[in-house]
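The same chain A turns up in both complexes below, where it pairs with chain B and then with chain C.
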Partner chain A sequence: MWFLVPAFAILLVFFVLPTLFNFVYAFTDWSGFKSEINPVGFDNFVDLASSGTLFSALRITVVYAALVAVFQNVFGFALAVLLERDTRLNRVARVFFLIPVLMSALAVGYLFQALLKPDGSVNQLISAVARQPFDHGWLADNTWTIVVVALIHSWKWMGLSMLIYLAGLKTIPEDVMEAARIDGASRWRTFWAVRSPLLAPAVTFNVATALLGSMNGFDIVQATTGGGPARTTEILNIFIYRTFGQGLFAQATTMSLVLFLLVALMAFPVIHLLRKREEIL
Partner chain B sequence: MTAGAPHRSRPGRQGTGISDARIWTRLQPVVAAALVVTLIGIPLWLVLVTAAKSQGEAITPDLSWPDDWQLWDNLRQVWTDADVPAAFLGSLLVVVPTVVGVLLCGSMAAWVLARRATRLTAVLYAIAISGIILPPAVVTVVLLLRQLGLAGTVVGMIGVYLGIYLSTVIFFVTGFVRTIPTSLEEAAQTDGASPLTVFRRVVLPLLRPVLATATILVCLYVWNDVFYAFFVIGGRHDTLPLNLFRVASAGLYLNNWHLIFAYVILMSLPLIVVLAIAQRKIISGITSGAVK
Partner chain C sequence: MKRWTSTVAVAAALTLGLAACSDPTADGPADTTVSWPDPTGRLDGVALTIWAAQNSNTVPQKVIEGFRAATGATVEVVTIPDPYEQGIQTKVATGDKPDLAFWQPTASMLTAINAKGNLQPLTDAPWLPSMAPQLRDITGLLDGTRYAALVTSPAVEGVYYNREVFAAHGVTAPPRNFDEMVALARQLKAKGVTPFYEMGADRWATQWWVQVQLADAAKSGLWERINTGQEKFTDPTVLGAIRKYRALIDEGLFNADIRTATFDDQGTALLDGKAAMVVQVNSFFGQLQAKADTATLDKKIGFFPISPSGNVGTFIPDQSNALVAFATGDTKREAAARQLLAYWMGPGYQDFLADRNTVSLQTAVPDPAGVPQALRDVHAALPASVGSMQAQAVANPDLFLNLADMIAGTTTPEQVAKATQDQFTQLAKAAGAPGF
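So, the complex of A and B:
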C-alpha cells in the first residue's frame, strides 16, 4: 500500500493544494504591489463581470474549444479514411502528418504568423491563382481570426486524431465488413451504417481531448495573435498570463478558478464516459 | 471532405460499385500526395528556405529559393547569440527527471490501484486521473512554490510537471495492468519475494510497452511546454521554448524571420530525428494506449 505514497504526495502538494488555494485566493486582493493579502469577498468576480471581461473571455474560450473540437476531428477522420490502406505512400504520408504534432506549438504559431501576413505566402499564392492582388489580413479580423487560429490549432493536432481514428478503423473485424458487402450494402452505406458506429470509442477520446486541450490552450494563440486583434482571441489562459505579468495576481487567480470550474463542469460527463469505457474493456 | 471524392464521381460513371472502387484506388495516391504537399510541404518549405536566407531577403518570408544559401551561418548565429546550448541543457535538466519520476511513481501507484478493488482505491483512482482533464492552478502554484522556497528552481518546475502528468501515466498504466494476469506476481509472492522485488523484477518489465507510450507523450508535452514554464521559472532558468519565445519577441529580433526559423529547425530537429528512427514504435505506441 505504501507504493501509493510518492505519487499521491506529489499530487497533493503540486496539484490538489494549488487547486484548493485557487478557491481561497480568488477572494482576496493578492497582488504584486503590496505584501499583505486581505479577503475581499466576491469583488474580483464583480469587477471582472462588470467590465465584461469575464463573459467575453468565457465566450471566446468556449467558441475556440468547440471550433477546435470540430475541425480537428473532421480533419483527423478524413485523413484516417484517406490513408487507411497500408501502402508505402500512405505510411510516409502518415509520418508527415505527425511532424506538426511533434513541433513546438510556439513554433507552429510563428510559422503561421509568417504564412498569413498580409504580404505572406498564402496571399501570394491566392493572388497568383486569382490573377489579382489579394492582401487579406488573416490574423487581423475581429470576427474571423478566432476561426483561423482554431484552424491552426487543428492543423497541429490533426495527426494525432488521425492516428487514433486509424487505430479505431483497424479494430473493426473484417467479417463484419464482409457481411455488409454480401448483404449488398454500397461502400457508402457500409461506411456510415457499419463502420462509423464502431468508431465511437475513438470519437469519444478524440473529441474529449481536443475540447479540453483547447480550453487549456495558450501557446498557439500567443504566438499568432497574442490575444488580438482588439482582444477578440483572448482565451482564458491568455488573460491569466497577461494579468499575472501585470502583477494582478488575484484577478489571474480568479480567472484560473473560472477556467477550472468551466472545465470541471464540462468534464464530469467526459470522465463518466471514459471510466465506463474502461469497465467494458 | 476527401472521403467524398469517389462518391461524387459516381453519377458520371455507370454507377457500379466495382468501377467506383477502382477509381478510388487510382485517385487515392494522388489526393494523398497533394494533401501532404499543400498542408505539410508548403509550411515546412517556408521554414527551410527562410532559415537559409539573408536578413534582407527574409524580411517578408516567401516560398522563393534563397539567392544565397546560408542556412549553416544562420544556424550558427542562433546557436551562439541566443545561447541555444544552455537552453538545450536546461530543457534536458527538466525533461529527464520529470519523465523518470513520473514513470516510476506513476507505475508504482497504478500497480496498487489496479490490483486492489476497495472503495478507498476507487476514490484515490478517481482523484488521480481527474488531473487528465482538470486544468492545473497555475497562479497559486507559484505562491505555493514561493512558500516552499522552490520558486524559479528546476526542482519546483519538475514538481509541477510531475503533478500535471502523473494522472496521465496512472490512467494509462492502470488500464494496462488490469489486462495482465496476476499469476506471475502470485507465483513470485509464494516464492517469498517482497513487494518491491515483485514490482521491480516482475511487474515493471511487463509494463514496457505502456511505459514507452507514456514516455513519448510526456516528453512531447514537457519538451514543448512554455505556458507552465512562464509561470514557474520564467526568466530564472532557460528552456528551449522559453528561449525561442524571448528570441522571437525581443525587439532586436523583430522581423528577423531567418533567425526565428533557424531556431525552429534547431529545436524541432531532435524530436523529428526520433520520429524518423522510431516511427513505427511511436505510432503503434500512441494508438494502442488510446484505443484498445
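So, the complex of A and C:
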C-alpha cells in the first residue's frame, strides 16, 4: 500500500493541485501587474463570453481535433493493414513510421514549416516536376492551413495508431478467421464483417487519444503557424498562451478551465459511444 | 478511525499545497532610497545572472569581461527563448528571478512585470548626470520612480529607404511629411518600383504604419486621453490611421507578397533595391548590419522620420535598449547588480559602445568611429520624436496582430480598432488603471 505514496504525491503536486487551482484562480483577478489577488466572481467568464475570441478559438479547437482524429486513424489503420504481414520489409517499414512518434513535436513543426514555405523544398519539388514556377503558401491560406496543420499532427502520431491497430489485428483469433473461410466469406467480406468489428477496442483507444491529444495540442501548431494566418489556426492553447504572456493570468486560467470542461464534455460521450460498440464482442 | 486520519492527511496536504502555490511576488520593496556601490569595488565570489533574449544576449559580453577584470565578479547571461517578454513574465510569476534582465523600459511593460513588487528602484543612479539631458528621462520611469537603465539609443519608428533607388528615379531629398511620402510612392509605382515593403507573415512591424500616422496626435495628448478612457481606438483618430494604412495597401503601394513576406525578406528587399521604403525600427537596421558592412550600408540605406505634419519620429524603446535589476531579497547580490549597472554606464561605457559599434547616450563619451550614418540619423531624430503607444499607453494591446489579420483579409479596419480597444480595456482593467 505504502509504495503508492510517491506516485500519489507526484500526482497530487503536479496534477490534482494545479487542477484545483484552475478552478480557484479562474474566479480571481490574478495578473502580472500587481501582487494582490482578489476574487471577482464570474467576471472573467462574462468578459470571455462577450469578446467572441473564445468561441472562435473553441470552434477552431474542435475542428482541429476532429480533423486530427479522422486523419490519424485513417492513416494509422491503412498502415496497419498494409504492414500486417510479418515480412522483413514490413518490420523495417513499421519502425520507420514509428520514428515520428518519438520525435520532438516542435522539431516536427519546424521541419514542416521549412518544407512548406513558399520557397521551401515542397514547392521546389513541384516546380521541378511541373516545369513551371510554383510558390503556393501552404501555411498562408486562411481556409486550408488548419487542414495542413492537422495533417502534420496526424503524420506525427499515425505511427502510434498503426501500432495499436496492428496489435488489434494480431489478437483476432485464428479460429474465427478459419470459420469465416470455411463459410466461404470472401477476403473483402471477412475484412469488413469479421476483422473490423473485432477492432472496436483499438478504435476506441485511438479515437479517444487522438481527439484528446489534439484538443490539448499546442506544440505543432505553435511551430508551424503560431496561430496564423489571421488566427485561423489559433487553437485554444495558443490563445491561452498568448493571454498568459500578456500577464492576464486569471483570464488564461479561466480559458484553461473552459478547455478542461470542454475536453471532459467531449471525451465522456465519445468514449461511452465507442464503448457501446464494443459490447457486441 | 482510519478513514478519519486519512481525511485529515489529505486536507493537510491540500492546505500545504495551496499555501505553496500562492503568488510568490506578494511582498515588494517599499522604500526607494538606494545606495550605489563604487563601480569597481571588489566583488570576489559573487555570481550574477542576466536574462537576455536571442537578439540581446551578446550585448553585455564586453561589459561582463571588463566587470570581471575590475571586480572579480562572474556574470552569466541566460538566453530566454522568444517570445521573450512572455517567457520572463511566466518565470517571474512563478517566483523565478535573475539579478538583471533586458526589458522594454516603457511604463506599460514596467507595469506588466509589476515593477513595484519585483524590481529594484534605480533612484539617483550615478550615471544620470552624464546622460544627454534630453534622453535622461525619456523612458524607464513608472509613476515617477526609475526602474530601468537605458544603455543604448532607444528605437525610433521611421522610414528606411534605399538611396540608390531614390537617386535612380531622380528623388534628391526625402519626403517632408506623410502625404509627400505617399505622393512619392505613387510616382515610384508609376515607374514600376515597389514603393513600400511590409512583412505580413511576421506580423509585428505592421503597427508602425499606424503609429507614425499618430505622431502628431500623440504630441497633443492622444495616449493620455486613451489611458483615461476619454478616447478610444475606435474613434476617428486611430481608426482613421488604420483605414489609411488599409487604403494604401489596397492601392497597391506595397509588395505583392505582403501576406507571406517575413522580416528577413523585408531586409533583403530593401538592401537589393527591390523596394524603395520600409517603415521600421532599429532592430530592422540591426538585421541589415548582419547582411552588409558599414560602407555598403552608408552607400545604400538612409533614414528619415515621418509624421503627418513633418519629419517627426516615434520612439519605442525596446528590450535590447535597457536593463532592469530585480529585487531578489539578497541584499548583497542586489547591490552587486546595481554596481554592474554603474560599471556599465560608467567606466565600462566606452568599451561597450566600441564593441557594439553604436551611438553614445552620454555627452562626455564620443560615438565610436564607424557607426553607420543611418543609425546616427535615427539617434538625431530622437530628441524631437514623440512616444509610441508602447511608451505612453498604460497597456500594450496586440495592435500588430489585429492589423496582420486585416492584411490577411479576414477583418476590416473597424474590427481591428474594436478588437484592439477591447483588449486595451481588459489589460488596463487588470493593471488597475483608473476609469476601467
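Observations on the structure shown:
Following the convention adopted for this analysis, the second predicted complex is superposed on the first by the 263 of 281 C-alpha atoms of A that agree within 3 Å, B and C clash if a C-alpha of one lies under 4 Å from a C-alpha of the other, contacts with A are read in each partner's own complex, and residues count from 1 in each chain.
Definition applied: a contact is a pair of C-beta atoms (placed from the backbone, for glycine too) under 8 Å apart; a residue touches a chain by one contact, two chains touch by 3 or more.
Here the structure is a predicted model, which is why all the values come from computation and not from measurement.
Judged by the touch definition given at the top, the superposed model places A:Leu111 against chain B, while chain C stays out of reach. By the touch criterion defined above, A:Ser56 reaches neither chain B nor chain C. Judged by the touch definition given at the top, the superposed model places A:Phe244 against both chain B and chain C.
Looking at the shared chain after the overlay, A:Asn142 reaches chain C, while chain B stays out of its contact range. Applying the stated contact rule after C-alpha superposition, one finds that A:Phe21 touches each of chain B and chain C.
When the two complexes are overlaid on their common chain A, residue A:Ser127 makes contact with neither chain B nor chain C.
Look at A:Val13: by the touch rule set out above, it reaches both chain B and chain C.
Ranking chain B and chain C by residues of chain A touched puts B first. By the touch criterion defined above, A:Ile164 reaches chain B but does not reach chain C. Residues 13, 17, 21, 30, 241, 244, 249 of chain A contact both chain B in one complex and chain C in the other.
The part of chain A that touches chain C in the complex is made up of residues 12-13, 17, 20-21, 29-37, 47, 51, 53, 118, 137, 140, 142, 228-232, 241-242, 244-251.
Listed in rising order, the residues of chain B touching chain A in the complex are 1-3, 6-7, 17, 20-21, 28-29, 31-33, 35-36, 39-44, 46-47, 50, 60-63, 101, 104-106, 108-109, 111-113, 116, 124, 126-131, 133-141, 143-144, 148, 159-160, 162-164, 166-167, 170, 175, 179, 195, 199, 220, 223-224, 226-227, 230-231, 240-241, 244-245, 248, 257, 260-261, 264, 267-268, 271-272, 275-276, 279, 282-283, 286-288, 290-292. Considering their complex, residues 13-14, 17-18, 21-23, 25-28, 83, 85-87, 89-90, 92-93, 111-114, 116-117, 201, 203, 257, 259-260, 398, 401, 404-405, 408-411, 419, 422, 426-427, 430-432 of chain C touch chain A. Per the touch definition, chain A reaches chain B in the complex via residues 1, 3-4, 6-8, 10-11, 13-19, 21-22, 25, 30, 74, 78-79, 81-83, 85, 87, 89-90, 92-107, 110-112, 114-115, 117, 119-121, 124-125, 155, 160, 163-164, 166-168, 171, 186-188, 191, 201-202, 205, 208, 212, 215-216, 218-219, 222-223, 237, 240-241, 244, 249, 252-253, 256-257, 259-260, 263-264, 267, 270-271, 275, 278, 281.
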